[in-house]
Every structure is written in C-alpha cells, then in structure tokens.
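Letters A, B, C and D mark the chains in the order given here, with residues in each chain numbered from 1 onward.
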Amino acid sequence: MPDDRTLGVAMIGYAFMGAAHSQAWRTVHRAFDLPVTPRMSVVVGRNTDAVTAAASKLGWESASTDWREAIARDDIDIVDVCTPGDSHAEIATAALAAGKHVLCEKPLANSVEEAEAMVVAAEEAAQRGARSMVGFNYRRTPALAYARQLVDSGRLGTIRHVRAQYLQDWIVDPEFPLVWRLRKELAGSGALGDIGAHIIDLTQFVTGQRLTGVSALTETFVRERPLPAAAAGLSASGTEERGEVTVDDAALFFGRLDGGAVASFEATRFATGRKNAMRLEVNGSAGSLAFDFETMNELWFYDGSLPAAEAGFRRILVTEPDHPYVHAWWPPGHGLGYEHTFTHEVHDFLRSIVDGVDPVPSFRDGLGVQRVLAAVESSAANGSGWVDIPAR
Amino acid sequence: MPDDRTLGVAMIGYAFMGAAHSQAWRTVHRAFDLPVTPRMSVVVGRNTDAVTAAASKLGWESASTDWREAIARDDIDIVDVCTPGDSHAEIATAALAAGKHVLCEKPLANSVEEAEAMVVAAEEAAQRGARSMVGFNYRRTPALAYARQLVDSGRLGTIRHVRAQYLQDWIVDPEFPLVWRLRKELAGSGALGDIGAHIIDLTQFVTGQRLTGVSALTETFVRERPLPAAAAGLSASGTEERGEVTVDDAALFFGRLDGGAVASFEATRFATGRKNAMRLEVNGSAGSLAFDFETMNELWFYDGSLPAAEAGFRRILVTEPDHPYVHAWWPPGHGLGYEHTFTHEVHDFLRSIVDGVDPVPSFRDGLGVQRVLAAVESSAANGSGWVDIPAR
Amino acid sequence: MPDDRTLGVAMIGYAFMGAAHSQAWRTVHRAFDLPVTPRMSVVVGRNTDAVTAAASKLGWESASTDWREAIARDDIDIVDVCTPGDSHAEIATAALAAGKHVLCEKPLANSVEEAEAMVVAAEEAAQRGARSMVGFNYRRTPALAYARQLVDSGRLGTIRHVRAQYLQDWIVDPEFPLVWRLRKELAGSGALGDIGAHIIDLTQFVTGQRLTGVSALTETFVRERPLPAAAAGLSASGTEERGEVTVDDAALFFGRLDGGAVASFEATRFATGRKNAMRLEVNGSAGSLAFDFETMNELWFYDGSLPAAEAGFRRILVTEPDHPYVHAWWPPGHGLGYEHTFTHEVHDFLRSIVDGVDPVPSFRDGLGVQRVLAAVESSAANGSGWVDIPAR
Amino acid sequence: MPDDRTLGVAMIGYAFMGAAHSQAWRTVHRAFDLPVTPRMSVVVGRNTDAVTAAASKLGWESASTDWREAIARDDIDIVDVCTPGDSHAEIATAALAAGKHVLCEKPLANSVEEAEAMVVAAEEAAQRGARSMVGFNYRRTPALAYARQLVDSGRLGTIRHVRAQYLQDWIVDPEFPLVWRLRKELAGSGALGDIGAHIIDLTQFVTGQRLTGVSALTETFVRERPLPAAAAGLSASGTEERGEVTVDDAALFFGRLDGGAVASFEATRFATGRKNAMRLEVNGSAGSLAFDFETMNELWFYDGSLPAAEAGFRRILVTEPDHPYVHAWWPPGHGLGYEHTFTHEVHDFLRSIVDGVDPVPSFRDGLGVQRVLAAVESSAANGSGWVDIPAR
C-alpha cells in the first residue's frame, strides 16, 4: 500500500484505554473498507521500559517517552490522547497547534475552563483542516447508534423520560487501593466524570436534546483507602499506607432536556454485582427504548403504535447487516464486544479525515458534557438546588 | 339469586387439584359475568375426617365418602373429577350416565381403552345435553390462549417447528418418597402422563394440528424410593421401607404434525432448578412464539414481517383487557397466577353449559392425547422406532 | 362455624381497590389457616343501584349508601376504607372512634395534617384494642417480604444504594380523560401519591431505614384532558369538554436514608410500554437485590460473598414453601398474581387482630410516607432544593 | 522479533471462516502473552483476483491459488484449513504429511471414512511432532469453558439431562439461494453438520461424556431454491434458475451419554427470529447450567446445594479475570464477541505447539462427532430407530 494512503498515529498513554485503542487501530481497516490505512507509528509513556514493552505487545512500531517529540514528527498525522484527564488539555492543544488530527479520550478535560480552551484550539485548527473528536466510544455501540436512528426518525414521538444509569462495583471493597481514578487532581472527579460523563453524552446523543439544568447529590462512601502498589485495567493491589479519596463514589442527579423531557441519572462504583451496567431507557409519546451495556448486542424497543394486545418491548439483536457498523462484521446473532466500540470510533474518525468533515462528538460536544459535570458538582455542593446549564 | 340459576357441583378428590378447583368454583362468578352461579355442594373423599376438614377449609357445603351417592343427588348438576387417573373412567362414566356435566382432570385416563370408553360415554351423554370437558387447564393461561389466536390468524405463517418442554425438579432427591404419582397402577405413567400430557395438548391446541407419529425414549433415574409417610401438594416425607418406582422420571420424544411441522418434546422431573418450566416455542415461516410458565404473564412474539433491523422477540405482557380472560381481572401489568387457569377453565365450562354447546378440550381431545402417550410408551419400549398415531 | 369466630367487615368503596379487597376477604381463610373467618357483611357506595350490583357481584351480604350507618352496626368489626384519599381521614377516624378495626388504603391521607390526625386517632383507639393498618399491599408480595428478610439478616451488608421506580403508561394518550386520580382535590397528588407512595414505603420497609431528606422535580406533561364519561379500573372514556389536570404526571427525586445510603426515585404514568413496573434495586456492601413487579414471582439476589468467578444475580423464584406466605398456595414454580398481595395483607391484618398486636404498616408508617410526599412537593416547588424530613 | 520465534501460517479459504480466522491470527499475540508470534504468510483461494484482494484486506503477506505449493513452503509451519468440508481430508492429510501443524475447520470431514483417514494421518504426524486440531471454536467461549470447569469439579453432581439446540433462521425465505452449504456434495450435510456438529461437540466437551446412541429425524422444508448469484458470510442473492436442496434444513435427535444422562438435540435453520441461538442446558443431581450464544457473555448456574429459598439460576457474567481466557481482555462487564472464540482457539493451538503437546479437540474428537452425525443420518433414514455409536 503506497505511503500517501497511510496515516501515522501517535498514541499517548497505553494503559486500559491504550490497549483498547490499539486494538482499534490494528483492526479498523481489516474490517471496514477505508481508503486510508492507519500506521501505528509510536506509543508514548513516561517509563521507558514499560512503554517499550507496550509498543511490542500492542503492535506499535516505536516507543517514546516524549510526547512533544512524538507530535512534532512529520510522519505523524493523528494524535490519540489516552492519558488521565489532567493532561488532555495540554497534549491535545499542542497536537492541534502542530496540525495534527486529535482523538481525545473522555471526559474532554478536568474543568470547564480547560475544555473551553480546547474548543477554541479545535475550532481554530479545524479552519486549517485538522480534525478533532472526543472519545465517547459508547455512541458507537451499534445498539445505541441504532437507538439514535429510531429517535431521529420519530419512532418514539415526543420524548418524555430518560432514565440513565452507569453502575459498576469495582471499588466496593474498602481495601481496593487509591488508584489515579480516585484522585481529583488526576481524574477531575470520580464516578461522575468517568462513567457519568458517558450517560450524559449518550442522553444528549440519543435524544438529540440538550440538558438545560440539573439538581444533584454526590457521595463518597469510603473516604480513605490504601495507597496503590500496582494497577492494571480496573484492578489493583494496595499497600499499608492510606490516603484520602478526593472524588465521588456515586453521583445522582436529575434534569430537564430542552425538548421538554425530564431525565434521571445515576453513576456509581458501588452497585455490588453490576459490572458495567450502562443502562439507558427513553420513553416517548409513541414508543420507548431500553439498553444495558452488559447485553450490548440487544436493544429493546417498544412500538406504541401497535395494538395494545400485541405490543411489547422487543429484543432487537443489533447484529443485522442493516444496523450501524455491523455490515463489517459477522452474520446475524454473532455478537460484538466492548472493543468494537473503539474500532467503530476510529473508523468514523478516519472517515471524517478522509472526507474533510468535522467528526462528532466534537470538542464542543465534550465541552457540553463538561458543563453538565460542573453543574452537577455545583448543585451537589449547594444543597442539591437547581443549576442551569448554559447552552454555549 | 334464585335456585334455578345455580348449578350444584360435586367435586371428587380434594388434594392439590381439589384445592385449585375449589378456588376456581369459589371465584369464577365474582370475576366473570355469568348467568349462572356454581353452588359448592359436596366434596367427596375416602377418609371421613379428612374430607370433612377439606370441606370446611375449601368452602364446600358438605362432605361425603361415597362418590356414587354424591353423583346421584338431584341437586348436583356438575361432577368435577379430581382423583388420580385410575378412577377417572369409572367416575366420569357413571356421572355422565347419571346425566351430569363432567369436568375430568387430565390425563383423561390411564389407558387408551379407558379413554375410548369415556369418549363413547361422553358422546352419548352429549346427545342428552350433558357436557364433558377434560381439564387441560394450561390452555386457559391467557398467554397461551392468545398464542392460539396469533397462530389461528396466520401471524406465524406455515408452522415449521414446535419445541415443547415441561421441566420440574421435585424428585431429584433420591430420598423423596414413592408418592402416588410415581406408581404406574395409580398414575398410569410418570412425567409423561402428568406433565408431558400438557405439552402434547398445548402443541395440538396452539398449532391447531395433530401429531401423526413419534419416536421416544423414557428413563427412570432413581428406581427405588422410600415409601411415603404423608404428602401435600407436590411435597412429601418418607419412611424407612422402600419400593420400586414404576413410572418414568423423564420422557424425550419428537414427532411430526399433520401440517408439516416437526416437534420435539421433553418432560422431566429431574431438571434441577426448573420448578414449573412449561415451555413452548413455535417457529413459523412468518413468525415465532415463545412461552415459559415460570413467567406465565409473558408471551414472546417475533413478527417476521417487520424489517430485519427492527424485528425482535417482543415480550407481550398478556395483561391487557383485549387478551383472553383478562378483562375480568386487573389493570395492565397486574399479573395473574397459576390458579387463574382453573378459574378460566371453569368459566368456559359453565359458559358451554349455559350456551348448550360442547366445551373443549373434549373427552375426544383427551383421547387424542392418550394415543400420543401410548405411542410414546410403545416407541420407548421398542428401540425408539417410529410409531404412527391413528387419527381417531 | 360459630358466630363468635367470625368478624363482620364493612367495605367503603367498591371500584378497583374494592374488587381487589373483596377477592382477599373471600379467599383469605380458604388459603390460610386462621382462627377467625371474615364475614363480608356490607359494602358501601354513593349510588344505590351501583353498590347493590357490586354487592351481588363481589359477594357482599348487603349494600348501603351510608357509611356512617354501616360503621355504626354492632355486627361490624372491621372497616375497610377503599375510597379516594380525600375521604380517608373522615371515615377512618369515625370508624376508629366507633371501636372498629380499620384497614385504610394508601396513601393514608391527602395531607400531612390529615395523616397526623389519623395517627392520633389510631393510637388512641389502639389503647382500646382497635387495630389499624394502612394498605401498602406490595409489602406482601412474597418476593419483597423475602427481600426484607435478606436485608434484615445482613446478607446485603451496609446498604449503599436504593434505586426505586414505579413506571406506568396508562395516561400517555392525551385523550385519556380526567379521571379522579388526575384531580388534586380528590387524589391529593398524581403519580407521586398513587405509585410514588408505594416505592417510598417499600424502600423504607426493605431497608429498615428512614428517608431523611429529598430533592425533587415533578412534571405534568399533558395539562388538559377531556372530562370523563365512565371509568373502570384504570381505563376510561372521555367527553368533548376539557378540564385541567391538577396533579403531577411524573415525579423524580433522590434522597438519603438514615443508615447512610442514597436513594433515587421515579414515579411516572408516562413510561410508554411499562405497565406496572414497580422496580426496586438495593446495593449493599455484601450483596444486592433487584425486583420488578411485572415479574412479581422473581427476586434477583447477588451474593457478594461468593468467589467472583461464580457470583451473579440469581433469579430466585419466590414460590417455595419457605418463602413468606407461599406455604398457603401452590407447589414451587406455580406463581401467584397481583391479587394475592391483598389476600396476604388481609391475612396479616386478621392475624394481628386475633393476636392482639398492632399490625404494620401502621398509620404512623403511613404518616411517615406522607411526610416524604410533602417534602417532595415542597422541593419540587422550590427549585429542587433539599428538604429535610422530620422523624416524627 | 527474531525469525525463530515466529511461525508462518498458510490459510486455505478466505470466506466467512477465513475472515474470522484472520482476525484471530492478527490479534492473538496482542492480547495474550505468547512466546511465539504467528506470521500471516499466505492465504490460498481459487480465484486470483479475489484471493489477492482478500490477502490485502485481511492482512496476509501474500496470496496463492495453489494450496499444494503453499503447504510445501519451508517458511510455513501451520496450515489453517477453512474450506468447505469436501476438501478437508485431502488438504489436511497433505499438510500433515508435509510436516505442518494443522488447524482444520469443523466438521472434520464429510464422511466417517474421510475422518478416519485423517485421524490416522494426524496420529502418525503427531509421532513426528506435527500437531492437529479441529476447529470447534465454541468450546473457547469463556462461558462454555467455564461450564466445563464447573461440571469437571463436580458442582453439577451426576448429569441427568442435556438439552442442546442450535437455532438459526437464515434460510427461512424460500427465495434464499442454493449456496454451497445447501449442497450435500460440498457440505456433507445441512444444519446437522454445520451447526448440529457444534452442539454434539459441546455436549461431549461440557459433560466429559460420550454419546452412545441416538434416534433421529431430519427434514428439508424447502426442497428447491434459486441457484446463487453471489454470497458473502451467510447472506446471498439468487438467480432465476432453480436447483434441488440436497441437505437437511433441520435435524432433531435424542440420545444417551455413557455416564447415564439422556440428551436432546435440535439443529435448524428454520427457527424464525433465532439468529445464532446455540443453547445448552445441563441438569445434574447437584446443579444445572444454561447458556445461549446470543448472550454469549452469560452463563446461568443453579447451585442445588443452597437452601431452596435462596436458590436460583444465577446469571454469571463471564467477564471476570478468573474466567478462562478473560484475563487477556477487558475489565469485568466489558463483554467479548463472536470473534474472540477464534482468537482463543488459535491461542490454545499455538500454546500446544510451543509446549509440544497434542491440542484438543483432536482429529479423533472430530471423528467422534462425525460418527454421531453418521448415526443421526442413519437413524433418520431408517424410521428413527435407535443407532448405536461405536466408541472408537
């Protein structure tokens, strides 16, 4: 394949998200027909040995400990930011300034201010042809992309209710250590920004509506934990020393959408037995949808236009060639997995680059989510009183 | 309410089935609008004290130990036969000869010969206005009655497959005693006649087709059990002495229906964890149905005429006023229970008596099931070879 | 059965709740062993013809249009209040003053003030041996009674989360008429008091904890509806004239429990496709529970003490003889229905009368729920700000 | 990475199975730690243009139209046979003779005779260090590998029942064309060999027992179809000309296992609405398991040793690091997809090669399945009479 049809990728960070993104970069052109091929040029991390090992294992051509050097390389077209939230703004802004296309993990940043600066950078860069996207990968779950199509085509009528939950249980044990996701200075917030951000984005994506205000409560059930020895994915072991948990364990909030619906949200890492239960239910005047990521190949659709006697939530196996993304994969009933959401995300990003259009969700969409996160924190800090969310 | 609008009922037997039937006789006219009212006149059993206590508990006006005397009473219009299968033929035939309407528990009899005699008696009695019905109560589950409607109206197209299972686990423990249901001379057969009979009847009822032949295997996993001390419902305790189990613990068979479908059946009391999983799945050229009695208020319907992308098995909550029998009960979503199948059965029986028509399932329908049971036993006894089932 | 072992019952009101209660009074002593028998003496309504017809249909010995006269009768021991909420206080208080035992439908009253007066009346009457209970029938669902046992025995550890929803859809159609449940002066509130009251009570019942404060939002999606022509159960037809809906269609709130858990609530009549989805999920440090009334015979239990590899939400069919109330009914897997919750409620009420103890939920428990309802309305009316709930 | 740690792979065939295998070869060493790396050296097909395009798309270094030449290459260590069943014997035997390790798709062959010859070839080659494995990929579904562990450790006690179904619906439409899978000379049989083979293998794998005899029925519902224009995966379009369907559309059979259990089987392509419902239920004296590939990340386990009141089928999300294969992937609740079964298969195959042990399922295991398929066909052709299955 000729060089001018490849795009060099530098990935910053190589932990859980890095592994998932690597699988996507490796696979996307094998599954989808694309006029370009990503070249997995360089992966960047802080520890030389570790990043070198990661490069070899994950299939990157080279390893680096200097992200600035990596994004300065002429043969790098795309920068994929997979670091904790505290470095998103700096890296993404620099990469955009260097003329690179940027895919940035969510949440976009650790504050509204950072996110606003990133939007400015992204929109200026877009003038020069650099594309940017925030990594709300769950939008690319075929069932949720199809949910959006159903709502968009009017099958649900006027939306009345959204019921969004993201339930995990990986820190129920009070001896689970104080990993970076439990430290505000690195992660920005806890369950709220990590998983709450996803259900905020999905609510706005699937309904096509914007949250205009919220009332919220947050809670930290376990306020002190052992300092960590080592971590991998979402598991880790601890030491004898203890430190303070500075983020929320759980966030509960409700709000209003600009189309007239009301919405309830719950993000928690203390829902014992729920491993990755990202659930969305949408009720409209003409129908309803329900989804749970633990059964990610299923979308439940209630068509209210049918006679009452034969109506019911139907379990659509979202594995048909007519469903979003599915034509690239296997026959009906042969389900996809978590990692496919990243492959689809990278596909859409590459397609946008090729087509010269701005991908979604944009950094501005990411800023929108950031504003909801900030409103939630503000309400929770002020007796759960209502907090309006500015449109822009 | 004037006497001429009441119908006197004598119930023979008062154990598990007797309790369920009593609930039905007591309730039917309270839920449904009927021009007649059943009078719970007399319950009959072998032990004076026990039947007297049962009468008081279950709400019968009197108790008797002589079924012949009971059916001879002028004020008795209906005889409800709830005894083990070995006495069905004698009691039902005598009651019909006495001009009574007869509701007889399933299976109709313990042999084809007995069943044939009962059909002759029933059809002669019908000439004189006496109605007879066999108690395949599960037909009156609203979900299954609605399933029949869907098939009948062509929503499934040409039926290709039936997959019927009746799975229980109440005798998995080898120390469970040798109750009457495990003795051939009383019960006729084991899982086959007790629960296999239901899925045979339901297959023929829901599809509107007849089984034309079968190939079968039966098995008795535990061949010796303690003799019973006392029993209630499906639970019991045992003594030190042991006796031989003379019926099947499980029966597996497949067959062909006269409309071209193939069907598989399994009835067992050894499906650990399955309590009353009477399951039916029907696949047709245009759609499919699935049902499990453990969630008896749900019918799953796949409408193959929908576009592939939005098709899926839909969970119909069969609790709408438009569903069979449901208008008499509660609002949508407020489910019914096991006992309602008997109330509906008694409703349909009374309605047939009032309207002067022959109820279904008739004794002839019961004979049809008996012939299938006999064919299953014959095949199982002869190397699983195919056995044709005569039409009449 | 001698007179001194019967208890005369007067039921006030005979619509949906009246039918359900009648079924319970008729059945309770047939299923359960009780030393007393209820006598269905008189049913009371406003329209002579209608109440007479109801008496005949539902099995009451007589009908009356004067509730004061009915409760004054010497042969009446129990008054069962099934009217809309606006008359609860007057009838219940009068009945207690007349020395009767009182079962009062929920919500206890239409205001905290009324409820407080009823508590005073009940506690004074209790001194004289008159028992009172509020009809939160769903507590008597075997699965929920068993859920309480599991929490009480510590199987869930420290409770962290409650997620309670009561979702219905019977007024999604804007042409559904303005029945009494949509009028504040009769019903007190809308979804909040009608179905939200149940999930508040169940949360407090299952966890054994008290809500200490809430933040809330309510919404009325359809603000004008046709005036009603006739109604039955939850269905009705409308006329040309329109009136204002004066209650909430939906209520969303979250709160804190006095044991440290956080809880989210949602009650709505606009969840298209959800017929009676009363759902409760409880997450504790050692385990979790999940329930949905649409599959009322199932309780899902996650035992966090098991090794991770074999842990999972287990579907307990709450139909075993060891489960609460179930011994009175059918063998395992033969499920119960909605109406059984009332039979169990009446059983517990009668048992308390016989045993001379105060039944639960007491009027004071009902007042506790009323205070939560009031706090929800107050928060919703004041920008969703936090509202504390007084303990007594 | 040095040459001596890579293994050259030649893949014969590149359609549906070829795409799935390619994904596995590309991914295996990225997910798992392996001391060897597969090199995707050459893919072989009959049409030059098509195989060249496939090589480029799927990531093979070169393309060839001569499988004999490909397997003769010195740099090829592994031959992966993904062709229709009629060429398995010839290619696999030649590859083994050439000293290559062979992975052969299932069913092993189109006849017992071919399979026997392949076993001879495999066992001779094993003497010389060449490994061979048959591609029953579903064994490598984590849930099913874990099911095997549970049975093996005695958690189910004595196995009483297996209930195995493989339900698809891709040829319900009579206009679906006559693709190679519907022609006996290429595919050997229809649903029986294609999907029935999987549930036979899984039954023997999960129980650790062998089928000793069967009774069977097969059916071809649509006997003539359009000749195909083009095909991809399991979808295709047709022409005007028609040809005879020479394989079964559905196969139903039951049998006995050498440990005393009875088993029922059903394989069909006419189960409307069932897309890839490969279901397995196993009931033992101490517990039960249930699985459906449409929800492949779930295994349902009933532990009969628990008290009845708290026992229930528990939904184990087989996504924990302790579950087979899962440590290589994502955190709990982040499910896997169909393609992972092939990655796991290739992992185990490579690991066996490295460790110098014979992988399972062996060609002899494949022959065992072939003998069951032959017995099913024999029984179906002879009035469903019992056919014994020889042990070797």
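In this section, contacts are C-beta pairs under 8 Å (C-beta built on N, C-alpha and C of every residue); 3 or more make two chains touch, one makes a residue touch a chain.
From a predicted model like this one, the values you see are computed outputs, not experimental measurements.
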Quiz item: Taking each chain's centre as the mean of its CA atoms, which one is farthest from the centre of subunit D?
Solution: C
Quiz item: Which chain pair shares more contacting C-beta pairs: B-C, or C-D?
Solution: B-C
Exercise. Could you please state the distance in Å, as a whole number, between where the Cα atoms of subunit A are centred and where those of subunit C are centred?
Key: 42
Exercise. Provide the C-alpha centroid distance between subunit B and subunit C, rounded to the nearest whole angstrom.
Key: 35
Self-check item: Centre-to-centre distance between subunit D and subunit C (centres being mean Cα positions), rounded to whole Å
Solution: 54
Quiz item: Can you list the subunit A residues in contact with two or more other chains?
Solution: 274, 311-313, 317, 332
Self-check item: List of subunit D residues in touch with subunit B within their complex
Solution: 160-161, 163, 165, 167, 169, 172, 215, 217, 219, 221, 250, 252-254, 256, 260, 262, 264, 266, 268, 270-274, 281, 283-288, 302, 304, 311-313, 383-386
Exercise. Would you tell me which residues of subunit D are touching subunit A in their complex?
Key: 1, 16, 20, 22-23, 26-27, 30-31, 33, 56-59, 168, 170, 233-235, 274-277, 293-298, 317, 319, 321, 329-340
Quiz item: Okay, in this complex, where on subunit D does subunit C touch?
Solution: 146, 150, 300-301, 307-317, 320, 322-323, 332
